[in-house]
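Below are structures written as structure tokens.
In the two assemblies presented below, chain A is common to both, partnered first by chain B and then by chain C.
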Partner chain A sequence: MFEAIAFYLFAFLTIVMFFITVTTAQALYALTSLAAGMIFISAFFFILGADFLGAVQIVVYSGAVMALYAFGMMFFDTTRDVKEKKGNSLIIFGLSTLAAFLVVVIFVAPMVTDNITAFYPIIEGVGNTQEVGVVLFTKYLIPFEVAAVMLLVAMVAGIVLAGKKMDLSLTEMSDAEIRDMREEKNKKVLS
Partner chain B sequence: MEMAYLIETIIKIVIVMLVFSALAGIGTYFERKILAFMQRRLGPMNVGPYGVLQFGADAIKLFTKEDIVPTNVVAPVFKIAPVITAATAFIAAAAIPFLPSFTIFGYEVHPIIADINIGILYILGIMGVGLYGPLLGGMASANKFALLSAARGAAVFISYEVVTGLSILAPIMMVGSLSLIDFNEYQAGGITSWMVWTQPVAFILFWIAAFAETGRTPFHLIANDHEIIDGFGTEYSGMRWGLFFIGEYANMFFISFMIPILFLGGYGDGSFLGALALLGKMSFFFFFFLWTRAAWPDVRPDQLMMLCWKILMPVAVLNILVTAIVMM
Partner chain C sequence: MEIGLNHYLVLSAILFAIGLIGVMRRKNLLMLFFATEILLNSVNISFAAISHYYGDLTGQMFAFFVIAIAASEVAVGLGLLIVWHKSHNNIDLEQMSTMRG
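Here is the complex of A and B:
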């Protein structure tokens, strides 16, 4: 009984939160409801007994949305409405409904046609973390390692892109040095 | 059995809520008194003997003060931000074993609300969500200083999370479990089996990250004292502001419970003395938070980020490597 109540409660909350994310014109509302929706999703993992994935969902997405907040802070006045350029709302509405319908069909069709059986059923008495680890390092080892390499590539690229003049620190330079640097920059711009 | 379990859980939740909200109030008294003694002052003296009733007076003031929501703020987000800080602090407490299990009227009580097998990950994740309170509060109040404080909050969050996670990974590898009760049992063999002797580096790193996690001096960046105003709390008044404080102090207490359970043997073999020892260790770590505030200045945001990313994170990774090699 509790599982059903919790499922419907969190399903409702998640859908409402993501609906706000999509429809609102204000960056702060969108970000906040996105974060809330991501955290509410973790409830489904907890209901299904996948505690590890639930906690990881909270840790990963709270951090990821926090980075989005930082971008929002830099690009918008987050307390004001953003003027959105809206195209033909009928086309947008129709296409998004179709896409949502297709996604539901893709996931529901195999469930309706035959009974779904787990490839790796839960072993009684073994911790959640260990089970995830075993699957990750046997069946899904190559995707896991490829993802790790891709993240490494992304990190190197990010450092290269953002790392210009990282050795300079305005707070540790004396006023004269800063003035010299500015003059040099102006010279470059002028010439 | 189902019903008994339900009633027991609800009673435990109510007790934890009541005890720690009261402790958060009394914590402010301890903080003022200890800071005062370290600075050769008397601190609160007028309300009650030695000012012990000061927190009651504060509570009356906070509860009855007018609740102001300024004109230009984003009202829904502004109102929910303090609730996030206070609520997540208490949600995180669900997986902390506060005392060893004991028998009362022939009924065995486990003083932990939910013994989930990923306790540490859960607690750290929820405590991380707690930083959304200052962030949202700062961004929603139409105030540039509050916004600056929110930006610093995001910087702190992104920096310390990595260090906490990596520092705790080496002890987790040794214990082989993410449950705080398993951690306690691993160290139950007395003082020599404490985790701090085998993982001193992880202990220090986790302790430093705890200061960033609770936003205490020397990492008190989210409410920067140098600007004389209260950072994200500038536009708040009354109990909304008070909720931020309850969340901060409750977090300090919960982290002070976690450090001893993870590294210093917890409640040991579960005897009465062990329980007292856990409370003693908790008090020391809480006192250390206040002691640091009296003794140390704040660091700048760029210094905090440099410390976290360039020093603590490589040390934590090295610690994991060494632990893994030794374990093999």
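Here is the complex of A and C:
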């Protein structure tokens, strides 16, 4: 009973939050409602008994990813309203619904036909974190290491891309220096 | 009122549809990234639900890797976005349709 109440409550909240994210014209509203939706999603993981996944969801999404987005938004002009694509909303709605139903079919189809047996069964009486650790470091060790390398590559790429001219600080430079820099940049653009 | 696997799959499908609507109607690239996050999260819900209802940990493992991919996608995407914004002063999708090299 409590599970049902929690499920419907968090389902409603998540859908509302994500709906705000995709429909609002303000970037800041979108960011905050997305963060709230991420935290509500972690509630589903806790209901489903995937405690470690829920904790990772909170740490990674509302911690790292949201901080990164907030940091990135400082570079962009977020006070300006976001312009929208002028498309036929009926087509968009129809295609989205069709795609979502396809996803359901993809998920449901093999389960109806096949008798599924668990590959790495969940053991009763053992904590979720312990189980996840054992499986992750035995059966999924190589994907885990590859994911670590991928994160390292992403970090290096992020630093290289965003860190250009980070050694220049506009607040510490004199006005003449800033003007010189701007003129040089304009020359580059014009040429 | 037993909550079954289908409840979670339907919820996941609804969230996926919301994300798809976002991907199709947004022109601002930052908003597009938000919509892709919604897509990845909706898939994570169904992974965790299947993992729970079939007593198998594989679904949770895949959810972890999806989270790792989402994190690195954000890092690289925001880096590229910042570079684009520095040179063109906007992040509209329509101005990126031609690659001038």
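Following the convention adopted for this analysis, the second predicted complex is superposed on the first by the 137 of 191 C-alpha atoms of A that agree within 3 Å, B and C clash if a C-alpha of one lies under 4 Å from a C-alpha of the other, contacts with A are read in each partner's own complex, and residues count from 1 in each chain.
Please note the rule applied: contacts are C-beta pairs under 8 Å (C-beta built on N, C-alpha and C of every residue); 3 or more make two chains touch, one makes a residue touch a chain.
Remember, predicted model here, so these are calculated numbers, not experimental data.
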First (chain B), second (chain C), both or neither: which does A:V56 touch? both
Return first, second, both or neither, reflecting whether A:Y69 touches chain B, chain C, both chains, or no partner chain. both
So in the superposed three-chain picture, is A:T138 touching just chain B, just chain C, both, or none of them (first/second/both/neither)? neither
A:A4 in the overlay: touching chain B, chain C, both, or neither? Say first, second, both or neither. second
Return first, second, both or neither, reflecting whether A:L48 touches chain B, chain C, both chains, or no partner chain. second
Looking at the overlay, what does A:T129 touch: chain B (first), chain C (second), both, or neither? first
Count the residues of chain A touched by chain B and by chain C, then name the partner with the higher count. C
After the superposition on A, what does A:T14 contact: first (chain B), second (chain C), both or neither? second
Examine A:N88 and indicate which partner it touches, taking first as chain B and second as chain C; both and neither are also allowed. neither
By the touch definition at the top of the document, which applies to A:T97: first (chain B), second (chain C), both, or neither? second
Across the two complexes, what residues of chain A are contacted by chain B and by chain C? 52, 56, 69, 73
How about chain B: which of its residues touch chain A in the complex? 72-74, 76-77, 116-118, 121-122, 124-126, 128-129, 131-132, 135-136, 139-140, 142, 147, 150-151, 154-155, 157-158, 161, 165, 177-178, 300, 302
In their complex, what parts of chain A are in touch with chain C? 1, 3-4, 7, 11, 14-15, 18-19, 21-22, 27, 30-31, 34, 37-38, 41, 44-45, 48-50, 52-53, 56-57, 60-61, 64-65, 68-69, 71-73, 75-76, 82-85, 87, 89, 92-93, 95-97, 99-101, 103-104, 107-108, 116, 118-122, 131-132, 135-136, 139-140, 143, 147, 150-151, 153-155, 157-162, 164
Name, in rising order, each residue of chain A that touches chain B in their complex. 26, 28-29, 32, 35, 39, 51-52, 55-56, 58-59, 62-63, 66-67, 69-70, 73, 78-79, 127-129, 169, 171
Could you please specify the touching residues of chain C with respect to chain A in the complex? 1-3, 6-22, 24-28, 30-31, 33-35, 37-38, 41, 44-46, 48-52, 54-58, 60-61, 63-65, 67-76, 78-83, 85-86, 91-92
